[in-house]
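As structure tokens, the structure follows; a few thoughts come after it.
Here the chain labels run A, B and C in written order, and each chain numbers its own residues starting at 1.
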Amino acid sequence: MKKRILSLVLAGTLALSLFGCSGGGGGGEGGGGAAQGMYPGTSEAGSIRVECSTMSVMNPILMTYATEFAVARHCWDALVKLDENNQVIGAAAESWESAPNAEGVEDMIWTFHLREGAKWVNSQGEVVGDVTANDFVFAWSELLNPNNAAEYYAFATIFKNAQAYYDYASGVEGAPEVTLDQVGFYAADDYTLVIELENPLPYLLQYLKFEVMTPIYQPFYEEVGAENYGTSPDKLLYNGPFRMTEWTLENSITTVKNDEWYDASNVSLKAIYWDKYTDSNTKLNAFQTGEIDVIDITGEQRAQFEAEGYPVNNWIAGYSFYFYCNNIQEEDLANYPGAKLSDARSINLRKAISYAVDRQQIIDTVFKNDNEPSPAFSLGISGVSAETFGEAVVAANNGQPLYNPTADVEKAKEYLALALEDLGYTDASQIKISLLTSEGSQNELFSQVVQEQLRQNLGIEVGIDVVTITEARARRNAKNYDLFMGGWGPDYDDPMSDLDLWTSTNGNNHTGYASEEYDALIESTKAESDPAAREQLFVQAELMLAEDMPFIPIYWRHEDYVVSEKVADGLIRLPFQYYNLIYTTLAQ
Amino acid sequence: MAHIAKERFAHVGENAHDREAISRPSVTFLQDAMRRLVSNRVAMLCVVIVFIMLVFSIFAPILSPFEYQEQHYGHTDAPIGTVCNDAQSAGNGHVHLFGTDTLGRDIFTRIWMGGRVSLIIAFASAIVDFFLGAIYGGISGYFGGTLDIILMRILEIINGIPYLMIVILLMLVMPPGIITIIVAYSLVGWIPMARLVRGQVVALKQQEFIAAAEAMGASTGRMIAKHLLPNTLSVMIVRVTLSIPSAIFSEAYLSYLGLGIRPPLCSWGSLAQLGIQNFRLYPSQLIIPAVCISLTMLAFNLFGDGLRDAFDPKLRR
Amino acid sequence: MLRYVLKRIAYGILTLFVLITLTFFMMRALPGDPFIGDKTPSPTTLANMEAKYGLDKPPIVQYFIFLGNCVRGDLGVSISYENRSVNEIILSSFPISMDLGARAILFAMIAGILLGAVAAVKRGSITDSLSMFIAIVGVSVPSFILGALLQYFLAVKLRLVPVQGWGTFAQTLLPSFALGMSSLATISRLMRTSMLDVLSQDYIKTAKAKGLSQSMILWRHALRNAIMPVITIIGPTVAAVFTGSFVVESIFNIPGLGKYFVTSIKDKDFTMISGTTIFYGALLILCTLVVDLLYGVVDPRVKLED
């Protein structure tokens, strides 16, 4: 349950919400284009308009979409934040130090010294109160309050006793009584926050930078009421570089500069408008006529800009896309009410499909951009024996990618023959597989390409079920599907962030894959202290996944976007930072 | 002033045969209507257009060297008239007459496959409308009395509900597909037809010739078959012709909302919806399905107008 | 008159009741639990929902609870937008849709009547051809294609109006036009036929014979009578405009209720869909009623006693 973020992301338009891993190379920094006067951008001085899709919830502890977090990053300061190189720097906290706990385990108790004089402002920009350590304590206890059903409550379970408290508070049977006082965070004084961890966590600061971990001003929260907090700009308080002034649901959010912010003198933008578009043509038209400054673009649109000679920016969204496969076997059915017994339960069929799909062709046809065919599952993580972990995996596989970039029809057919035996069929036409597809033209095109490839290469007639993202997820969670396209990006720079996903107990493992061997292998990495040996264990895990193939990796995501000539510098889009516009400067 | 001799005028006597003869050839109502329809050039042009659409939709997908879902990765977004020379069909000189779409599928084949789907939806809905409406309206109008009142009240209530809302709700509930669209559309589409038929039947019942037929002891069956039906049919045909474009329109609308038919099947609506994504770069991908939709809708509309004129007794000469 | 009005109101209410019933049972027929999407609702929300919809009770009881809520004007709580009531969303977005719709209808009526009338008076002239052309485009081009093309050519190529958005007058032009187009076509065609019909009537000849001026004849006698049939189709026009607004609002990025309706369809937000459907239904029923009554007032030949 540690990494919900990414599974929540694959939405109707693929451009919707992208989160990513660190590492994995460059990422993009969008400066303005060559001064050709082609797309001068919006006319309002001092402000920019950027595209941002889903913005349904603005209560930080209830947010789920990367796009919502992008807005939140500009409105609230957590203890720490990421800079333009994705390095952790102080935000609400100025400095911090760590100490061993009572048992002598290093780095278990952390003390954060908050910035004094930081203020809470309302949507009008009026100062309401001071930001103190108690605001963090309060926010985190609300995150752990089962009544709020925060999707990301798990982020707060890194603290000592937090999970036990959550279980007790949600009335889990047999859970021992734990009070909030026993949970591992408290305010030593107004500006000193002390944290005690449940387990060693090398990536603590990466956790603390998350927008769900931002503070909440208790008196105000209680005044508006938990159910009203965050339903409109005036029902929120802000401690970040910007404050929200207007919010038209499904349409636009306006954030203006918060003059009370500690570093406000270095913020040159007066306002940021976050606009949602439902029609990608309209979006492109709006960019060209100067009604928006930053938009994500499709492969076709990229070709158009390139033909015009206008610079196209690219960032590695740090994202693996793959097919979830329904692994549920006949004997498991009883454990999963509502689950479907799918033909995809045959390993050989999954392998046949993996060999029959032409990953490069999918990218060239559907996306027409720099997406790469997945050589392995975990790609962007820094490696020990090689620059990235992905390269280490490929090296361990004699330099060959674990998953073929182009179709290998012969191998596919070999596996198909085995699959027919597994399933007790005599002919490929008996195989009934359908591709659960969430709406959105790119998703639908994607499914159609796969459908056609499997038809040509294997002779399987694959159905396509186009459903809403909501229904798709519900069916995926219930394991009532054959194949479903999903995405995942790691939350921190360690293979664990990716590979933990496929353990039988992981809440985001929606495939029904449960291998004791794999679980044991992942468990063993926790005890291994030698980095190289630990990496080898993860490499083994990757190889095991390729052998069992509970899911089929397809591609590794890159994202194209264009920026109007109005923007001079400092527009940051990186893994983990969907947008960082705090220090963006404008031309003129 | 010259006198004309009285003798020169003589009574020729009456000719019983000539007296009753009809000097003009006898023209039935239908013949008359057909004559007027045929002389209406616009309507005839529309018939030709519809005929062409039908013929192509039936035969083009069969005769085309490409299948509608076949993807040519070497030729994605190909312009009109590209010769297909990728690995699948190199050397056999097949041409993508209308180019290919973003997945390299032959647009010519897809347009006519889409035409099939759109026209099947349109015709099937029209037929359901026709029969449901005729039966419901006919019963209500013919029997009259309490039954009529009840049936008409029910109809009025259903008619008050905005039809696209109902279609959308139904599309949400039922599994996606051609049948669903037809059912959803027909479920509300028959109402105008029923009203029309009922009104027509009620009006006819007051006419003298019906009274005469009744007086002469015509059976119910004969009344319906010989008197009511033929006199209502013309209005119904006009109505059906005009309901076809509205079904095509609804299908396109549903496709835009993402509630239309499911891939890999395509319809004109879904092709236009796909084409609109790329029309800045590849305008033909939008223009071709759009022209097909518009032309067909127009043809049915104008043909319906022509039919109405042809059937209009006021215009009968 | 009063009896007729009451009768029509009774029918309106009955229709609305049927719509509510239909909506409820259709939503119950949706696959899966309509109240639980992929987000886990919080226990508080769940408890509220249970109290509100009686989820633990048998469907028939739930139905009456639902009906009761509708009667009180409470359309429920949205599932996708945390802690927001459907009423609140309708209240904030419908004024925009109404504004857009009113503009579109006004545009369609005025332009349609004028175009149709002029086309009839000057048969065979350029105006006549123009009206025919507009009618052809209006009936044969689906609004999503028309909207996209208008946007590209008028806003991107010619830079005459903004591409999208809602607020300034210039922003309202394209969407109103795209939305009103098909109604404009219907109205102008109807107006032309009706005007031709009126112009061939004896009283027009009488007026001419009496030596009335051409403009007097047209304004005082012809137009007023020819407009009657147009009024009868205001009801269907309103319906067409509101359902058309789903598409137009999406294309022009207008934060109206139509856009929410489309989004809620895509998200399968049960309460939003049913709430919006009932709201639209009630609105259209009301519009039809008003138009019918209006018709009786305007045209003395229509007997309201039915």
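Operating definition for what follows: contacts are C-beta pairs under 8 Å (C-beta built on N, C-alpha and C of every residue); 3 or more make two chains touch, one makes a residue touch a chain.
The structure presented is a predicted model; accordingly, all values stated were derived computationally and were not measured.
*Asks:* Across the interfaces B-C and A-B, which one involves more C-beta pairs in contact?
*Replies:* B-C
*Asks:* Which chain is in the middle, if each chain's centre is the mean of its C-alpha atoms?
*Replies:* Answer for the innermost chain: C.
*Asks:* Indicate the whole-number Å distance between the mean C-alpha point of subunit A and the mean C-alpha point of subunit C.
*Replies:* Taking the average C-alpha coordinate of subunit A and of subunit C, the gap between them is 41 Å.
*Asks:* Just how far, in Å, is the C-alpha centre of subunit C from the one of subunit B?
*Replies:* Measuring from centre to centre gives 25 Å for this pair.
*Asks:* Once you find the CA centre of subunit A and the CA centre of subunit B, what distance in Å lies between them?
*Replies:* For subunit A versus subunit B, the centre distance works out to 51 Å.
*Asks:* What are the residue numbers in subunit A that touch two or more other chains?
*Replies:* Those would be 281, 439.
*Asks:* Residues of subunit C that contact two or more other chains, please.
*Replies:* Where subunit C meets two or more other chains at a single residue, that happens at 148, 152, 262, 266, 268.
*Asks:* Using the touch rule from the top of the page, what residues of subunit B touch 2 or more other chains?
*Replies:* Expected reply: 258, 276, 279-280.
*Asks:* Would you tell me which residues of subunit C are touching subunit B in their complex?
*Replies:* These residues of subunit C touch subunit B: 11-12, 14-16, 18-19, 22-23, 26, 29-30, 136, 139-145, 148, 152, 239, 242-243, 246-247, 262, 265-266, 268, 273, 277, 280-281, 284-285, 288.
*Asks:* Can you list the residues on subunit C that touch subunit A in the complex?
*Replies:* Subunit C reaches subunit A through residues 31-32, 36-45, 80-84, 89, 92-93, 148, 151-152, 155-156, 159, 162-165, 250-253, 255, 259-260, 262-263, 266-268.
*Asks:* For subunit B, which residues count as touching subunit A in their complex?
*Replies:* 69-71, 73, 76-77, 102-104, 176, 258, 262-264, 274, 276-281
*Asks:* Provide the residue numbers of subunit B that touch subunit C in the complex, in ascending order.
*Replies:* Per the stated touch rule, the residues are 153, 156-158, 160-166, 168-170, 172-173, 245, 249, 252-253, 256-259, 269, 272-273, 276, 279-280, 286, 290, 293-295, 297-298, 301.
*Asks:* Which residues of subunit A touch subunit B once you look at their complex with the stated criterion?
*Replies:* Residues 280-281, 284, 298, 300-301, 303-304, 361, 364-366, 439, 441, 444-445, 447-449, 451-452, 455, 464-466.
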